[in-house]
Structure formats: structure tokens, C-alpha cells
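Look for subunit A in each of the two complexes below; its partner is subunit B in the first and subunit C in the second.
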Partner chain A sequence: MTGYLRPTSLADAVAARAAHPDWLVLAGGTDLMVNAPHRPVPAGIVDLWGCAELRGIARDGETLRLGAGTTWLDVVQSALVAAHAPILGAAAREIGAPQIQARGTIGGNVATSSPVGDSLPVLLALDATLGLASPRGRRVVPYRDFATGYRTTSLDADELIAAVVVPVPDAATRLSWRKVGTRAAQSISKVMAAAAIHVEDGVIAWARFGLGAVAARPIRAAAAEAAAAGRPADEATARAVADALAGEIRPITDVRSAADYRLEVAQALLVRFVLNAGRS
Partner chain B sequence: MSLLVTFGVNGQIASVEVSPWKRLLDVLREDLHLTGTKEGCGEGECGACTVLLDGVPVNSCLVAAGQCDGRAVTTVEGLARGSAAEPLLHAVQRELVARGGAQCGICTPGIAVCAAHLCESGALVGASDPRAKVRELLAGNICRCTGYQLVVDAVIAAALPDGESAEDGAGDGGRGDGGAR
Partner chain C sequence: MHTPSGGSVGKSLPRVDGVAKVTGAAHYLDDLVVPRLRHGVTVRSTVAHGTFDGLDLDPAFDWSQITVVTADHLGWGQGLAAGGLGQNHIAMLDTDQPALVPVGGRIKHVDEPLALIAAPTRALALAARAHARPRQTAQPAVLAIDDALRAEVKLYGDDNVFKQFLIRKGHATDDELEAAMAGADRVLEGTYHTGAQEQMYIEPQAMMATLDGGIMRIAGSMQCPYYVHKAMKVLLGCDAEQVVVTQTVTGGGFGGKEEYPSMLAAHCALLAQASGAPVKMVYDRDADIAATTKRHPSRVHHRLGLRADGTIAAIDVDVIFDGGAYLTLSPVVLSRGVLHAAGPYRCDVVRVRGRAVATNHPPHGAFRGFGAPQTTFAYERQLAKAARVLGVAPWDHRDRLALRPGDTTATGQVLERSVGTDDVLRAIREAAGPPPTRDGTNRHGAPVRRGRGHAFYFHGAGFTGSGEQRLAGRATVVARPDGTFEVLASSTDMGQGAITIFTQLAAEALGVPPEQVRVPDPATDHVPDSGPTVASRTCMVVGGLVDRAARTLRLRVEAWADAAGIKGDLATRAAAMIAAMIERGGGDLVGGGVAETVQYEPPPGIHWDDATYTGQAYPCYGWAGCLVDVEVDLDTREVSLLRCVHAVDVGRAINPVIVRGQIEGGTVQALGWAVLESVVYRDGKVANASMTNCIVPTFADVPDLETIIVECPYPYGPSGAKGVGEIPMDGPAAAVANALEDALGVPFDRLPILPEDIARALRPGGGAGGAGGGAA
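What follows is the complex of A and B.
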């Protein structure tokens, strides 16, 4: 390892990242330090943990802006999140355990881009955007376009994630979240699903379904969303959503679960979300 | 490369010259000879290596040494007061001993650190279901021996010494002898 930089401002962090694109960008370490002695020693480290500018949650117009270095504990404790994006708080509360929540960050979850990243289906359902920063300037990208494949993203080599921006859903939007695993704490999920369903007079105007652990990356279920749009939030629609989902995802069998189980549970979750949207 | 890292450990200042990538767990055990902190999984799953970093429980296997510079760490060795000859154990440690809330002992330092934080943060005071709260706050501390029942008993006894909570132990799926000494 040739260097270790601890920028304390976003400008310094961006400069460090651009100067050393091959260095590890480290925040809370809850992914990158797992089994650290058995990992290759990084060429260098840009350590963002002490960059206070990257941490915090604020209301910004009709959005919530979460600095990339905001921890899950910050999210759990945030009154703004509880009021405006409760499914994000619910997801944060189920991430790892208190020790992990104290260190893991939202920007880290997005950057690592694991197919089982706990917050990622929620960010898809909420239609979050990302604020990215590089020496070339800032850009805003929809989160749904960010994860490109298995643990790959559209983040450029000189870029950092500065913030996650969540539009505040209106009162007619029903939010749901469910993580299914072997144990509530510390267990990596078998299936995760999040939904934002906009209901007017019992009819679903639009729905966004975010899913995790059913594909190489966190995905939106576009066909299932299309099957819900313009239909009443009832049993028939829920069944159509489940059928559409079966046509668009191909979960795998691995150490944590089986393909057919994952499909069945994912379908059951979306059915439940649609029916709950109809009741509320 | 190595980096001079200076941080508080159990109320004293420590300086070590280590790789910034070295785990806090290894700095504690190898450089500072504080071997009370144990490595269980090395993956942040089991909580055996839990320490307080700036007063908050973290897995020391997931913290890079460079990230500790200027910060304060409390390990299990820092929970007791008194002297080495006459230690005055933390209430959590006393109750874990008295109630048999430990067996092989690998998870115990992490549980003691987490539980001490839980006591001092007052998280149980006024909790509608203190047992459930203990289980939630200790969910990141895996024990393969005890079944948790006596651990929960010990934490409740330490956190709520006035007996705010009945030691019912019912429905816990544990050993069913909660509160027995």
C-alpha cells in the first residue's frame, strides 16, 4: 500500500479520488473490510469516514437529501426519514445489527451494488437519484440506471457518490417493504421487495416495484409495474402482477435459497403489496 | 506504508505505527496486547470483536486502524473499575458471572461491551418489553452455547436493577430456567 488519504471536505475527497482512481474508497468498512486479512492489500485508501460534509439528512424542497456517508444508524434515528420515507427507515433497521448500522453507509451500499444490498430495492421503489461528483463537475443520475450488472455500476473512475436524493412521496402513494431471510438480524436476504403504489379512488395510477436477490443486480420489475398500472388494487390485479413478474425474473439457486422459492416469495410479496394498497 | 495512529484506549492514550489497513481488532490484540477482544468470524457477522468506538458498539474486525486516529476505543478490559488486584466488575459482568450467562466465552467480551453500552444508554428504561429490546440490541452478538436465555437475564438484571421487569423467560425458546442462579 502506497498511501492513505483522509479528506475532510467533498472537494478534497473528489481531488483524492481523481488523483488515485485505483485506490480503495473506504467509508464504514462493513463490506470492504470483511475478511480483510484474506483480501488483496489495496494500492491505497481514500478514507471518507471523517468527511463530515458527506454525512447528514436534510429536507430539500420536495426531496430528502442523504449525504453518501450517512450511516444506517443516522437513518434509523432520523425524524425526517420516519416522516417522509418510512420504508427507508424500516430497511435501515433491518440491516445487519446495531454494530453494522453504526458503520455502514448509504453511499457504500449503493457503490458496492450487491444484488442483496438491503437499501437498494427501496431506493428503486422511491425513484431515488444520485448526486455524483468529479473534478469535471457534478451530475445527477436516476438510481434505476446506476447498477449495470453484478456489482458493477456506471460510476466513473474519477467520481464519488456525494448524495442520495429521495423524492418525498405524496399521501396517495402507499409504501411497502419486506426482507425475507433466515433470521431478522445479520442474515443475508433470500428475497427483498419494496413498492411505491399510487392509488386514486381504488385504482392504481402507477406502481414501482424494486426487488433484490432475484437478479444479478437490484431491479425494477417493469412488466409487473405495467400489469398494475390503471387497474384496481384488487385480487385480479395482484394475480396479473404475479404472473407478469414470473415472466420477467429468473432468480438463481445458491447457498441461501432456491430459484423457485425466490420466485414464489417475490410474487407473494408483490401480491401482498397490491392488496394492502387497495385496503389503505 | 505505516501510519502513526494515536487514539484513546480505555481512558489512556495509545500510539501505534501500523498499516492503516490493519484491523482495529489486530491492533488491539497484537500491538496493544489487549487480548480480551476475540475474533469470531472476521466478517462482521458474530459480534465477538465488538468494542465501543467513540461510545458506539462496532465490530473491530471491520474498522481500519487509520480510521481510529484521534478517536476513543473501549474494550472489554475497560469495563471494570478498581485495580488489577481488586477489580470492580461492571454490573453486566457481575450479572453474567452470577447467572451463568457465558459458556465457552468467545462471544462474552462482545456481549459484555454491547450490554454495558445498552445499560449506560438507558435503552431499557421504560421499554414496554425489555426482553425483546435486549434481544434486538444484542442481535449482532451470536452465541452458539448459551441459548441466550441467561444472557438476557443478566443484561436485564444489570440494566434494571430495581426489578422493573419480571424474569418470566416465557416464550423465549431458551432453557426455560431464566433467573435461576
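What follows is the complex of A and C.
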């Protein structure tokens, strides 16, 4: 018999996790169920779906706090997200289709840590942090240190993701997001990119570029960011950003797309983000 | 003569199967539960070419509840009645495809069935399969058309050619053809490739077999119960009465359930016999995509000889289809492909050569359009290029060249009636509107390029040549004592609306409300063989039989009732007639009612010569025009389909909503084939065998669709109807490619056209290559 627990508080969830380290943690199930037929039946399930404490979006000082159990539909419908992190809303709107958005959670996306997890480049561009909980207490880690390799993370075996915390960008920060997938909906990304570009008097003070589907894990494009910093948001800078990017990513060819296409499109997206930042 | 007054035809009667389907009351095969049921799974090959050396069963696994079948220890040749079997092949057009590769036998494709396993639960069957290891020796595989033609590795005969055709019009020798080509002012030459396409019906392949008192009962998801019936007779070595095949509620087919269900039925039957229990097999999606038939990848070389005035001096087409590992239906698919290859255009000198070749891909087979979409893509790309070099507007060009009554097709068929050219072109030109503005910016701030493409095409309705005569399809209409009328036909409803159309046609002909008409599930023990549910023939041909049977029945009942002085509606009069017949002993009752069965009769003047491929290739044609507006994002090379106008001549729309559904659905499938759908083969295996990666359009990918129903009645179709099922699939892909060339100024001659292909074409020095799978 498969065991089943449905904690209603984060504390209970952490306790359940600690008591059953070999059980599966289930949120919306939209990642887990896809692979269910290809995986042995788990010893038990800790179902987070009923944990109200994990769900919801709130303004907390200069940050937005999203509970790990917040669904993409919650994100799509949130006025706070629309006002302060519109690219997260844009990404949410393109995850699967409405049915998936109603079940899939931000915590699930972060924990699965797929290179094609659509929210992950956004979290990189927004420089989000994660609130993690375990029997040993709470800790906060910058999201940029979380994804360590192909579907691996720095989450400890007994840890749960409690929240995703997004600093509210200031008015001079231009946010961009674009997903390039296999079709218009229910689509796995071939390339996606998010940017936060801080522009003052037409000059880029700093930029954060988050990219997905171009490496084994979602990545920040450090060289491209460096190529943008301190430069005017113009064609020449855009070109320099594209060149720098070519030096730092090596996408692959698979059944969904081709390496040369992925690189070309990743470059084109960053070029567009820089040009758009200069225009607005 | 009584004029029917049912008033059903031309109205959009709601689908008679609709409520049960949307409420979930309809039982698909997988919903059926029977006592002692076993679940079957298939052990498949992992090499594209080689030998099957044996099956190792892990001794550590508990096999006590498991039935394992290989082709070896079965009683082939003894016959079902003797507790054995017939022959180990799937009887279709040839005998080359085994139900199971025998130990020591040749494996011809990846995912070929080697052994079968049945267990009381599906989980146990899957667990057992994980402990059954087939031993295989790999050999060099043939995975490209040119390698097949080189025939260094022989897969079929000496030349790897399953079938070839030659059509000659207006010339007797190749030299004469070349002379006509040389006389043209310019010759446009192009090579066109199309990839495989997965049908992606919503319900995967599903079947069940029960051996019950010496009778093998097969039930499942299928298009053609009598195809399965024929295959089972040969496999089991039994008489027609010892196999009963019933179609269960079927969730889509698109040709994918034309030949493959015979394989599934064979496997269920083998397991049912071996286990002594009913056996169900339902493919999971990944296996269904990997192992079952798809549209033939193609390479079509097309030469178009143009005179200075724009007319066509000569057409020469060379068609090659990748048939995959076994012959299956490739000859007939190729036949339709070559018969459409010259297009609906006037030309006195035509040569079409066609070959279907053997490769080590899983067999390719029937898919909506059946060979015509591949050749239509080639000729409509050629026509677009011709209009461009001639500087003629696309519709003007086609209008000038298109076939009209009195003109002859490539096979010398003189078109007499029901030629929709003028009506279709008028309708689509009126709806066209201004082309999209060329340059713009989208919501991402990215620059875009827009363009418009056109295509005009035809599609033969019904079986090719003398096929309908050979088939001699039958249908029955029965008046029952309870006041209902039953339509008995082996045509299946797979979601396309067949039983609703039959209901309307019978109601119209009988002059009764449609509520009094029922169409029971086809089962071979109580419906006549009306032929397969394919070839855009169900409404035109079988609907014609239903119409005629219903009229004959009505006349018979009315004549009897008039003579007997019985008044009232038809149901009342029929009930009185049945009562009188019962009084006389009931000898001539059929299933307790009065029945009329009619058989196909060809329209007058049909002549077809299979040897020379000349004559009336089809009794009539549907005609269609398609216009597509596209937008290409120049940052990402993504294609947005903005608008698609599709005008289709269907003869007469028996049910306009269903006809619209057929056109819209076929259009979306064609648009998907054009810009999204790619079956990626790697070493002969489908590398993207999942719905995640084998992309088909979603509603979000569907453009603004405008469907125009054009009605040029066909006098020998019921109420003037001809085919609609396939024609919408034929032309939109060419219209998309033409639109992309219009937008970007580079040619796209290979399907699918993915953003990766557009990127490659736009790179300096790039040609329009192809990342998509399919033919090499």
C-alpha cells in the first residue's frame, strides 16, 4: 500500500517529509504524473495541495512573496504580479494551457528544475530568492545558486521549498520575457529568455539575462550582462551582447530543435530586449 | 413515384452520437470490462533490420500467471476449428507482413512485434515484459529512398519496389515526351520532399478478442470491420462465420485505423487462444506513435513545360513514396498519389511515374488524403513558381489553366459534370480581401514579414478506377415492428459523422423524421459489407446505397399498404406489413423486420483500364481553393498563420455543420503538416514518440479559418453529394509554402517547414533544407 499524508500547515509538511524521506512530495502533480508510468510506485506520498499556508501572493516590503504552492493561474490572475513582476505573469500565461496552469505550481517548477522550466529564467532575471524549510529550520538561498546541473538542485533531502521571493524592481528597470516553443500552447520551450535591464539616461547601468533551454540548467548569461553594463541601449551594444552570448552558451540539437537555431534565437531575443530597453 | 419528404438533407442535424460522447456515456474499447479479462502487451524489436534469435525469459520472474506467445509453438496451418491457426501474416494486399516475427525470422523495422504477453492486470503484463528479452542480431538497415533504390540490401523482391505506375497522356514513348518538353519555352523543375505524419487520433489503437464456443469475437476501434474480418480468417484459418468483428465507439482514425487494427486484432486473437481468456490490448500513446502507420514520406520530382503564353506544354512527374518495411496499403496510396500528380490543369502531354519503395521504417500507410497531399504539394509549388516567373496573378494563372467540363485529366478522363472550378475560384476570389501588409512589428517588438499563398486542387471521390465495382458494396435498410428503421452498413463512425449522415439520408428517402432511424454499431454478423470507411466514399457511395435501399423499402411498404388498404405513416404501414408477414409464417423477415439490401451499381459510362492507367480514374472529383496569409517573426523565424480561406466543392452538403467540421479539421491537419508536424526518425526509430514532442496543432495554433462550402451536385451521389473527408488535407500545405516564399523571397520545397528550416534558408548561403524527419 502506498502511504498518503496531506499536511495542512508548513510545519506538518516539514514533519511529514522528515518522517518519510523516501516518500514523494506532490504539489500540482503536473510534472510527477507525466512520469508516473515510468517510475516505480512510490512508498508514499506527501501531498502539499491542501497546504493553504504554501499558497498565495503577498507584498512584503520591497518584495513579492509567492508561496511555493501558488499555481500559475494564481500568478496569471494576480494584480501584484501584474504590477511588479509582469514577466512572471507573462511566463505563467505560457505554461502549458489553462488546465495545467490551474494545477501546476511555482514550487513544482523550481523543484523539477528542468532546463525548460519556463519560470526559471524569469526568477534569474528578477534575482529571486527561495525560502527553504526543514526540521533544522529555515534558510534563504539566492535562486541563482539553486539549480546546480541537469535537473539537480541544492535542495537538501529533507527540505521543502516554502516560498519564492521576488524583489520589486524599480521604475528604471525594464523587464522582458519571451518564450520560443514548439507551438502556440502546450509547448516545451526551444529557447526562452528573460531580462531585467536597468537604464538611466539611455545607458544600461546593469542587466540580468536569464536563459532557458540553452544549457543543462537555466543560466544567467554573465558575459552578455557584462557586455551590456555601462553601455548605451543601442544597436552596437545589442550586437556586443549577442557576440558575448555566443561565447558563453553551447546549446544542443535534440528532437525539438537545433543547436544553431537555439543560439541564433537566444541572441536575437537579447538583442531585442536591449533595443526595447533603449526605446522605452 | 413517391417523392420523399423527410426534409432531413441539407439541415445540420445534431450528431446522433454527440450527447453520449460529451456526457461520457459512450463506451470506448478501454471502457469495456468483461470477466476474466487479460491485458496484452507487445514485445518489440529494437533493431531496424536483423534477425530475431529468440526470447529469453528471466527465470527469477514469476511467470505463473503470464501467457507468453511467440510465433513458434503455435499450430499454424491446422485451422481454428482444430484448435490451431491459419497463416502467420496480416492479409491485406500482400502476405509479406507477419503477425509476429518467428524465431530465426527477419526483423524489418524497429518496434516490430516479436512476442506477446498477457496477464490479469496491465501492470503485471508490463512487469513481465520488462523480464522478457528478445535476442536480436542487427544488419545494415535501409533508411533512405536512394538506398532502397540502390537495392544493395534487398527488403522486397530484387529492387525494393513494392509497386510502380506509369501514366502516359499524349505520347507513346519517353522520346516523344522529351520532344514535347523541349518544345516548351521554359521548363520549371523542382524536387519536393514531405515528411511522415502521425494521425494522432485521440483514442489510441484498442482491440479485444474473445474465443467463445469456437467463434473468435473481435471488438475494437477501427475503420473497416471487414478488413479485420478478412485478415482474421486467414490468420485463424477459419470460415467467415467463425469470426465476428464489431466496431466499438472509435475516437478518431484519419486512416490510421484502416489497416493497423488487423495487426492488433491478430495479437489479441493469438493471446485469447493461448490464454483461454478474453484479451484486451490498448496501446499507450508512445507505442502508438512509434509502431503504427503514418503518412508516407515522399520525394516528388516535377517538370513543368510552359509555353510563352503561360499554358502548359508538358508535365513530367516522378513520385517516390517511402513505403516502410511491408507493403501494407502502399500500392493504393501510391495509386492515388500518381493519379493526382498532374493536378487539375489542362495539359496534353503528361507522364507520371510512381514508385513505392521498401525501407526499414515502420510501415507507412493510410492517412487522410492517401497519397494526394504529397503530390499536390509538388504541383501547387510548381504552379506558384510558374505564376511568379510569368508575372501572372496567382488566381488568374490557375483560372486560366484549370480543368473545366470537356477537358481531360492525365488519364484521359473527360470531365463531364460536377466540375467545381468556376464556382470555387469565384467564391475564394470574392472572399480573399486585400493581402496582408508586407512589413510590420509584432507584440514583442520584433520585425515581421507577411505573405499570401494560394493553392487549387482536386480530389477523386470514392475508390480508384473499377475499385467500387470490384468491391460491390452493399447496404441494408430495415423497417422494424417497433416503428423504427435501421440502417445496416459496415461503414464506421469514427467521429466524422457517418451515422448522422446515414440517419439523414435514410430519413429523407423514407420520408420519416430522423428520430425514427437508428444506425447500430457495425458487426460483421449482422451488417453487409459496404466496403471500408475510406477514400471519401462513405457519404457518396455508401450513402448512395443507403438512399437507394431506403427508397426501395419505402416503395415496397407503400405498394403493399396501398394494396391492403392500410393508411397512416410509413412506420404504421410497415408494422402492419410485418404483422401480415408473421401471419404468413414470417419466412421473408430479416431480423424481425422488412429489409431491402442494395448493391453498388456504377454510374453509366464508367470505363477504366488498370493495365494502361487510362480512363475514369474516379467517378467524380471534389474541387478546392485555399488561401493562406502568414507572418514570420524575423527574430525567431516562428510562423504565425494569420488567416486561411478554404473553398471546397462537396457536391451537396447533407449536413452543413458536419461538412464544415470536416473542412476545418482537415485544414488544421494540413496546416500542422506544413509548419509543425515532424516525425523524427533516428536509425529507423521514431525519436519523438510522445505527444510532448510529436507536435500537432492546438487551438491556439489555428488561424482565422473561413470555410466556404461550394455545391456542384454530382448526379449519382445521394442528393448530389460527393466526397469531403480528404480534400481539405490536400492543398493548404502548398498554400502555406507559397505564402512563405511570398513573404521571404526564398523557396520552401520541403515539409514540414519548421522555424529551424526558415532560419537555415535565411542564413547567408542557406538553401531551404529541412530539419524535419521524413524522406531523404
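Keep in mind that, in the parts below, the second predicted complex is superposed on the first by the 275 of 280 C-alpha atoms of A that agree within 3 Å, B and C clash if a C-alpha of one lies under 4 Å from a C-alpha of the other, contacts with A are read in each partner's own complex, and residues count from 1 in each chain.
Note that in this section contacts are C-beta pairs under 8 Å (C-beta built on N, C-alpha and C of every residue); 3 or more make two chains touch, one makes a residue touch a chain.
Every value quoted in this text rests on a predicted model; they were computed, and no experiment measured them.
Colleague: Which holds for A:A36: it touches subunit B only (first), subunit C only (second), both, or neither?
Modeller: A:A36 sits against subunit B, while subunit C stays out of touch.
Colleague: Go through the superposed model and pick first if A:A97 touches only subunit B, second if only subunit C, both, or neither.
Modeller: both
Colleague: Answer with first, second, both or neither: which of subunit B and subunit C does A:L26 touch in the superposed model?
Modeller: first
Colleague: Pick one for A:D260: touches subunit B only (first), subunit C only (second), both, or neither.
Modeller: Touch partner of A:D260: subunit C, not subunit B.
Colleague: Touch check for A:Q186: first (subunit B), second (subunit C), both, or neither?
Modeller: Touch status of A:Q186: both partners.
Colleague: Answer with first, second, both or neither: which of subunit B and subunit C does A:P135 touch in the superposed model?
Modeller: neither
Colleague: Output check: A:G3 vs subunit B and subunit C. Expected answer is one of first, second, both, neither. What do you get?
Modeller: Once the two structures are laid over each other on A, A:G3 reaches subunit B alone.
Colleague: Per the contact definition in the header, classify A:D47: touching subunit B only (first), subunit C only (second), both, or neither.
Modeller: Only subunit B is touched by A:D47; subunit C is not.
Colleague: So which bits of subunit A does subunit B touch that subunit C touches too?
Modeller: In subunit A, positions 34, 37, 97, 184-186 sit in both the subunit B and subunit C interfaces.
Colleague: State the interface residues of subunit B toward subunit A in the complex, per the touch definition above.
Modeller: Subunit B residues touching subunit A: 1, 3, 19-21, 23, 26, 42-45, 47, 50, 53, 56-59, 61-64, 66-67, 69, 114, 136-137, 139-142.
Colleague: Going by the contact rule set out above, which residues of subunit A touch subunit C in the complex?
Modeller: The contact residues of subunit A facing subunit C are 34, 37, 97, 178, 180, 182-188, 190-191, 255-258, 260-261, 264-265, 268-269, 271-272, 275-276, 279.
Colleague: Going by the contact rule set out above, which residues of subunit C touch subunit A in the complex?
Modeller: 284, 444-446, 635-638, 676, 680, 687-688, 692-693, 695, 697-701, 755-756, 759-760, 771
Colleague: Subunit B touches which residues of subunit A in the complex?
Modeller: Residue list for subunit A touching subunit B: 1-4, 6, 26, 28-30, 33-37, 41-42, 45, 47, 49-50, 73, 96-100, 102-103, 184-186.
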